């Protein structure tokens, strides 16, 4: 069975997913919707499919699944619309910036018995998967400390920041999900310390550009997350997991594997500097996983619950910054 | 203009090229030919196109170019047939195992004013290209010493060895081409020392499984090549170029970027162990280069002359082993 | 002028310093004191000097400086005794486990105009110095995030833990000093999260074996410290400093520079597993710095104030664990 | 028993050995001899001992062993003089530049039953030893290919070149010894290709500044050696040994372990650029091995025979360059 996709939203991330659909066996791009005709046309030209409205896609018989790549404030509504329309749903993170709205949305998904997967593509990165498999094989014993380093190559424009929900809901949310995935237990408390070091306009907009976060768990395992909106050497994405029997880590992706030696020393290239090139394989594997789950009828992960919990950690981080203390996740989950 | 391809030969390397054609913008797989119906069908199923005979492809109006992936002893005849048929030709290395036959074949190509590119895919590997570009930018000054390490993960069966033309014409020929590409000047002498260390059956078949080669040039630049038919850690493909101002090298491709640390030390994965995974990107870039040259009318490289010169170096290496001395390339070129 | 040393305490760290004195130009080991005759004899046999009592060393004309390597609870008294005796003093960290006692002790040092240096040897590690110099040269711009990873190869016996003052005053205190050295500004708040993952006996003794700490500063620069009493792969001592223009990091010390490749992958040796081998050069450079400061009359660092501030950070960390919030350093400094 | 040393020759390498003697337990520097009074005085000032004539050292009762660091053309005579004087002898490589002279000298050593060790310090480098031990433990199976890369940071003055015996007897001789040590079997043939790329004055003096060498053995194992008198990034000293079960390699020594990342990429420091700093530990371990052999009465290696065989390989390399063919070692050994 080929899964026939409609892509909602033809912006940057919509193009990423259209490309992934085109490259995955068992998936076909049937339709794309975007209020900007030019954007929809660009996706169509590159990857095929019809241009339709969102409502037409919801009503269509030849659409099995949708990928929601529209602005964040439309995600929950669209999930509900397509859950009711009986389509399988892949939704880019986050489900919503409001935890309450996420909850009601997920209730609808459950009531409709809809299939929903949330887009945390890092879980599908081949190297991160190899790390996870090493942990699962018992190579490092029991997980004790997860260290996540996540730095963007450069700060987005303030217009983006203003709609983003803040650094924790926009950027750290990926790290929160990775932390949950690797710790494989509930997070009990969140402590966060923030700074404005990169761009004063980000501070003026009420957000932060640098942060450290500490997560604790019932077992005593912990996780630290280091974020910055700036790294001159590229898109810095590292994981280290320390366990009772050893450690496992993942290196960054450089632009090539050459090394130049001269009187100044040994030099290797900077990192890939864009999330789309860095996670190209992950985006394809993510859609492939969604397709495989649909074909086999097996469970999809990350789930809507995963999406909600990552947002809860972000909310707890915000509250930690406000109060200067470690915040129990239960405080924000209500 | 889309270049419409016929693929001749649907074996392992034929599949590689069919896949490359399917993935390259501006190329389409129009037809595949193979005496083994099942092999042709497999390519068709995976990448599309019709199944036709070679002669039908030569006669077809809807074929612009062919990729010759048939057994080596048919290459020269097919090049001549398709040169006369007015098709652009991409031929897997080698053109032939006989230098004389290569010469007459290339004369036909010239007489027909045909377009011919020979398949040395390493020139298109993104990391090797980055190394070459660093040299071209002057990062290491004048090239002095090229060091090529090329080890297969394991020895092929003796049945393959017997038809291969021997290690120099089958395996080292890629290194000879890379050496010529990086040295960017004529090779004057070839010295080769061989051993049988891996599989006695290879020796019984009159071939060698381990070799070191030294090449010299008019400028005094040199190249060493180290070959083995065995490397327990995977497909070992390294280049180092030392120059008057510095050195540049390329690292191998490991199976993932994880590192595990425990009481035994720090461990990273073995190398990719197959030429098709290791050079996946290179095969696609190679076909893309062929297509781009056809579309723009610009010159194609590697040329038939490049194919002939790599074979001449292999012949000189054979003669060096027989005589125990450095052999002038002019001796074998005649 | 050769600086003539008395070493007080001939235990493990006393031997380290006696060895350093013996290896440094301009230093001579004149006397050693230890209530355990055998320990004193061992130092004498290895590095020379007389065996004397502490009081005799204080009274001696042929002693210019002492190195205090006795149990922690004697440090402050000995500093005061030797300050009054007019000797230059090198004291192993910490000055005392009580911040109040440190304050009164430093008042005596000031009143006597005595020369005092506190033993934080990491500031003298050649690689850490190279990192600091890179920062000072402006290679990474303004310091934004300091990441310290510090893991012991294995937990000490509980008997040691019980006298140690706890993980923050015993182990993290080195990281606190390094953080202050690299951030080069005051620390404003300390947050710490602790666990017991390694040895339940450590928890039973009221201490922790695993910790993460976050430090903040007036400029917004931050520091994270990750500590564990266990690392199967050796003594893990890493620094990374991220700045506005780039990052600089220091790698660990492995037991040798070999790498073995086989079917399991690529393996390098585990780390040096003892602070004395890891910081061998640092201990010698530390004494050399003390000697050079005495000879030139220049200021010594780390100072008694540095020792006090590292202890204050440890006290703040303890309070953070008790309260679950970020603790202002001013709260513990009084 | 402390071994009491006389050092003959107080030049650069004499200072290296005096320093080694001073640092090794069980060794004492008793006397130094040099026609340049100032040089002898400098060694005495730094490491102690008397200043005496060579003849006085030969006649002295308080001298157990000598280290011969005088100009090469005096080595054989001094070995004979001190063999007859009953002293243990450590002689810097080479014993002589003439293979015949080496043979007669070694006959005298044998006749006198004298103890002689030749100075190939690389065998004592801790990393090279770790590599050798990995081979001995069977980690890579049977040795198949040894790859030695040896590049000086810069060319010596032509005045040095002229007295050196040429690149093979002066520089490659160390690699020849390492090759023999690692291959652990006789060398059958030597092929060498040379160039002048670094300094035309070296060519004018009849020598070469760049070379590649291939060695073969009875088992089929081979060794390649790449030499250059120039490497902008420092003193390049690498070994890789490929075997039937895997490979083992040794990395270079950089000036520190820091890495700087910025927009230009990742940079680590250049290599140590002097043989004395690079092999500091090796020189000390070499003297310690000599002392231990004297104390225990066990055999010393490298032996005089090792010194002779390395020279024979150098002679064969010279002949290979002259003839353009692989030269049997038996041809030069006579």
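A few comments on the model shown:
Letters A, B, C and D mark the chains as written, and numbering starts fresh at 1 in each.
As a working rule, a residue touches a chain if its C-beta (ideal position, glycine included) is under 8 Å from a C-beta of that chain, and two chains touch if they have at least 3 such contacts.
Each chain and its UniProt protein: A, B, C, D = Inositol 2-dehydrogenase.
On a predicted model such as this, the values are computed, not experimentally measured, just so you know.
Taking the definition of touch as given, a chain qualifies here only if it contacts subunit B (Inositol 2-dehydrogenase) and subunit D (Inositol 2-dehydrogenase) alike; those chains are A, C. Taking the CA centroid of subunit A (Inositol 2-dehydrogenase) as reference, the farthest chain centroid is that of D.
When the C-beta pairs in contact are tallied for B-C and for C-D, the bigger tally goes to C-D. Subunit C (Inositol 2-dehydrogenase) and subunit D (Inositol 2-dehydrogenase) have CA centres that are 41 Å apart. The distance from the centre of subunit B (Inositol 2-dehydrogenase) to the centre of subunit C (Inositol 2-dehydrogenase), each centre being the mean of the chain's C-alpha atoms, comes to 58 Å. Looking at subunit A (Inositol 2-dehydrogenase), one finds that residues 231-233, 245-247, 261-263, 269 touch two or more other chains. On the side of subunit C (Inositol 2-dehydrogenase), the complex with subunit A (Inositol 2-dehydrogenase) involves touching residues 142, 144-145, 147, 149, 151, 189, 191, 193, 195-198, 210, 212, 214, 216, 219-222, 224, 226, 228, 230-233, 242, 244-247, 323-326.
Here subunit D (Inositol 2-dehydrogenase) touches subunit C (Inositol 2-dehydrogenase) in the complex through residues 126-127, 130-131, 134, 139-140, 245-253, 255-263, 269, going by the rule given at the top. Partner subunit C (Inositol 2-dehydrogenase) is touched in their complex by these residues of subunit B (Inositol 2-dehydrogenase): 231-233, 254, 261-270.
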